[in-house]
Amino acid sequence: MNSGLGLIVWIIAYPFVSFSLGVLLGGYGRKLTARIQRRVGPSWIQPFYDVVKLMSKKTNVSHGYMHDVAMMMLVGGTLLTMYFVPVPGFHYFSQFGDYIVIMYIMLVPPLGMALGVGQTANPNGSIGIARALQMLAGYEVTFVLTFIGFAMKAGTTSMYDLMMLQQSGGVATWGIVTNPLLGIAALFALQGMMNEKPFEVIVAPHEIATGPMTEMGGKYLGMMFIQHLINLVVELTIYMNLFLGGALNWFEYIVKLFTLFTLVLVVNAVYGRFRTDSALRFFWKLPLPMAALGVIFIMWNGK
Amino acid sequence: MAEKELTQRSAWDKVLANLRKRSLWMLHYCTGCGAVELPPTMTSRFDMERFGIMPMVTPRQADILLITGYLSVKTLKRVILIYEQMVAPKYVVGFGSCTINGGMYWNSYTTIKALDRYLPVEMYLAGCMPRPEAIITGFNSLIDKIAKGEANSWKDYYENYEFYHKNQEHVFGDIETHHDVPADGKYFRVVEAKR
Amino acid sequence: MSELIRTPSAGRPLAALGAARGADAIMAAIVAETGSAEFHAKGARRVEGQVKADALHSFAAAMKSRVGFEHLSAISCVDWIAQGEFELVYHFWSYRDNCLVSAHVRIDRATASMATITDLWMPASFFERDIHEFFGVVFQGNTDLERYILTDWKGPPPMRKDFVSRDFAHEHFQYKDYEPTWDEMIEGGYRGSRDKTGGAE
Amino acid sequence: MSSIVTANNGKDIMPGANAPENREYNMFIGPNHPGIEGNFALKLTVEGDTILKAKTEAGFLHRGFEKLMEERLFIQNIAIVCRICVPDPDPNEENYARAIESIAGIEVPRRAQFIRVLVLELSRIASHLFTFGGHAGTIGLYTMPNWSISDRDRVLDLFEELTGGRVYHIFNMPGGVRRDLPEGFKDRVRKVMDYIEERLAEYDDLFFNNKILLNRAIGIGVLPQDKALEWGATGPDLRAAGFAHDVRKDDPYEVYNELDFEIPTERDSDAYSRLMVRRREIVQSINIVRQVLERMPEGSVWNKQPNPLKWRVPAGDAYVRTESSKGEYAYYMVSDGGVRPYRVHVRGASVTHGVHILEHLLTGARIEDASQIMFSLDACPPEVDR
């Protein structure tokens, strides 16, 4: 499938596939949260309705050039990341870029958001962005460290190779089984990466009115929603490929994706949000030492 | 005019309206005591999210402006600013008797008596205060209106801006908002459409 | 059932404040400490009396420090338009005696000026600002008398008796086409346009 | 903080960039603030994440109740007083009725007194459950509001059966209450009380012992006892500072002096203590409700009053106090012997801790904690605005 016509079809269809997956994930998330809260909850494809509604609004508010470009950086950066993350049947771009590339591209959306929100000149937005960048120092360091440890052991940084390595021996070779310390530390980082509670202070509707999204309305918010939904898939897939053995067929992929997301959501539903300083303190006290220990452990054993 | 517009709806408009009605975000701006019946409506027992209705915190994101009860002059000013910041199509829902005719504050020196003189009201929910069941029924009829393409009161604000602005000035003396409403009307092609 | 993290703790024992006094003992203490003799008991746990306007500040200071009434419950204002006076009522509560003392002060309606007690009780600043806003009484020495609730208000102080809410509303707001008339049928009737001596300015 | 300096001659590229007036910025929270019990605005002067100065702004809910009451008959006012405090309306009715009774010397039947206590305590439970939901919302734990507010609905259903209204009850009349208990009502109240007691254990697991709540609420917004007394805190906020004052005990009204209950207090006077005082008060209120149901005597519930349209109250004044779920709630009523009250002054329970105490506690706090501090004081803006 990774050549010729199949490849072109994949490149064109992939954004739509991951958007659809994102819609299903988002809808599932809202439904599951509602069930935990003893509610019926919205439709299973509610995010789709939301996006259609937002994109059909008559938007006449623009705060300037950067505000518009930021939306492209958001969606473009996320789509680019998406192409480099291998999924069943499509890993063509993995040969051109390993996890280090992904790491770089993944910083484009937050950067775009920071620039765009900066131009809206709303203090709530700026505070939200400041918090987002601070939180980055918490989860990003942890996640990168876990990856470094993992890559050192496997001797490769290519996400596809790492995935195939884990697939070679069933569950016993999954990253989370072979390196439980790294796997669990990365799970915390994933929670922060996805902005789910307890690391949700960036949007905190109670004091800063959804932070970066304060001034976004209509099509701008629609773009942010699309980015958010695709990002859900991308981030969960990255974790899956690194620690849960990835997936070779779509059935396995979807089962793992939803299971992982369920875990994230359940934690999200029963915790409040940390303050920024507490969140950083938490990251540097528990997951980061855990990841560092894991890396040291690997270095010790490796040589 | 409304009938003519209805017959002119294309198939795409109809599909869009049917999708749009499934997602309505309500601005969580509670102007009066009616707000106390909103938490029960939002939470487990009545669960508004079943219909895709969610509370949102900023005007830019919201579709529905719910005026939950009496509006004091001080709040009316904020409500007008908020309304103009919202992105069209937007719907004002008057909630409770006080928005209709002043309710039990008919002789109060700070509350306005008729909301539709200052903002275009899509729908009223009568009662002091309406029960959660009434709120949900009201929202469902708003959803039906949107599906049929009849919820066009927001255009009225651009078409008859002089009327609303005159009334607003009658209360405040002079009011300055951040939006150039007639220009927005032209941008949305609402004002031309009338001619 | 899970245990709560923190167990309840005992509060400050009321006995530490000293034994509670009865109304007579309180009145005796007031006379001894402030020299105001015009106080009388009014039901259980209620004592009230008159205080001269210029003596109020020293009276309040003595009440707080020496008589032991450490809580200012409220300051109320009444507009006696027929007598041309405002009546300010200071309500003091004693945690020790569980008794309320209401000190009534009459001030002239035209000058409407009074000494502040914000230096004694911080909560007084809310009540004084409120009375300033709604009655137009100026509290000398209170630095925070700017508009709080009626920020954009242009009319006269609304709680004065010569301000008629209904007339003001008719002038400034737009009504629906119908209007209730029941209030003209009952005793006393609508005090607005028929008896428009002061009215809304 | 060091100033921004270039290598060139040590000159500032941005002169004055670090001057205090340029480091600070203004931030507004509200009035469309999700989760407060009404509109209320905070104007904050902020440096970084720290609040340097806080100023409250009220008046968005001002309806001029005190003026409206002067222009209406005594009987009409019963219907509007409950609107003054939305989440906890019954202390208003209680105060209004008791002020008239005290001026006119009207007797209230004993059964009516018990029913009033029942209604007041149910209202307190409902109000506290509402507050838990709001407080949990400020730290982002949205499962809690979903649970506690829908449990509050069970209490509202009881109110609806008893009084006909879910939120506003218009139930206390001068001289008694409007209706007797319906058939089998006592059993239904007991059932709801048992249910809420069970649910409190679940709330402990989800909310009161939640690690995030402990992390965020302990040590936040500390109001020392001497300051609490000096600044005029009342009710649960004063009891959280360890000072056991409760109007129900110290200035008893209705039949509270015959009932057996405790006043929960806390020591630390932070946001968590104030929350826990309210949580313990629910247990006490359930206890009071059970006692009331058990001891309630038979008899009439209303001493008939004359023609309401010509109902005059003799000249006189009265200051009545009630313990609402927010604190000391008082009415000062003056009658000149006419058909309308001459003056009613409403001393809302939140006028001290909703305005000045909040301003003081916010100074030096962080933005993240602002809404939590506000909620922990349980200030009710409609009481401030009236």
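Which chain is which? They are A, B, C and D, in the order written, and residues in each are numbered from 1.
The rule we apply is simple: a residue touches a chain if its C-beta (ideal position, glycine included) is under 8 Å from a C-beta of that chain, and two chains touch if they have at least 3 such contacts.
Please read all numbers here as calculations on a predicted model, not as lab measurements.
Chain centres computed from CA atoms place C at the largest separation from chain A. C-beta contact counts were set side by side for C-D and B-D; C-D has more. In this assembly, the C-alpha centroid of chain C lies 20 Å from the C-alpha centroid of chain D. Chain A and chain C, compared by their mean Cα positions, are separated by 59 Å.
Our note on geometry: chain B versus chain D, Cα centroid distance of 30 Å, whole angstroms.
We define each chain's centre as the mean of its Cα atoms; on that basis chain B and chain C are separated by 40 Å. Of all residues in chain C, those touching 2 or more other chains are 150-151, 158, 163, 165-166, listed in ascending order.
Among the residues of chain D, those touching two or more other chains are numbered 34, 59, 62, 64, 67-68, 71, 146-147, 150. For chain B, residues touching at least two other chains, in rising order: 43-44, 57, 59, 74, 107-111.
Screening every pair of chains for touch gives A-B, A-D, B-C, B-D, C-D. Touching chain D in their complex are the following residues of chain A: 36-39, 123-124, 127, 197-198, 200-201, 204-208, 269-276, 278. In the complex of the two chains, the chain B residues touching chain C come out as 73-74, 77, 100-102, 106-114, 117, 167, 170-173.
The touching residues of chain D, when paired with chain A in their complex, are 25-27, 29, 33-35, 49, 136-143, 146-147, 150, 206, 210-213, 215-216, 366-371.
Interface of chain D with chain C (complex): residues 57-59, 62, 64, 66-68, 70-71, 73, 102, 201, 204-205, 208-209, 214, 225, 229-232, 234, 239, 242-245, 250-251, 263-267, 272, 276, 280, 309-310, 317, 319, 321, 328, 330, 332, 334, 338-340, 342-343, 345, 347, 351-352, 355-356, 384-385. Across the interface of their complex, chain B is touched by residues 30, 34, 37-43, 46, 48-50, 52-53, 56-61, 205, 209-210, 213-218, 221 of chain A.
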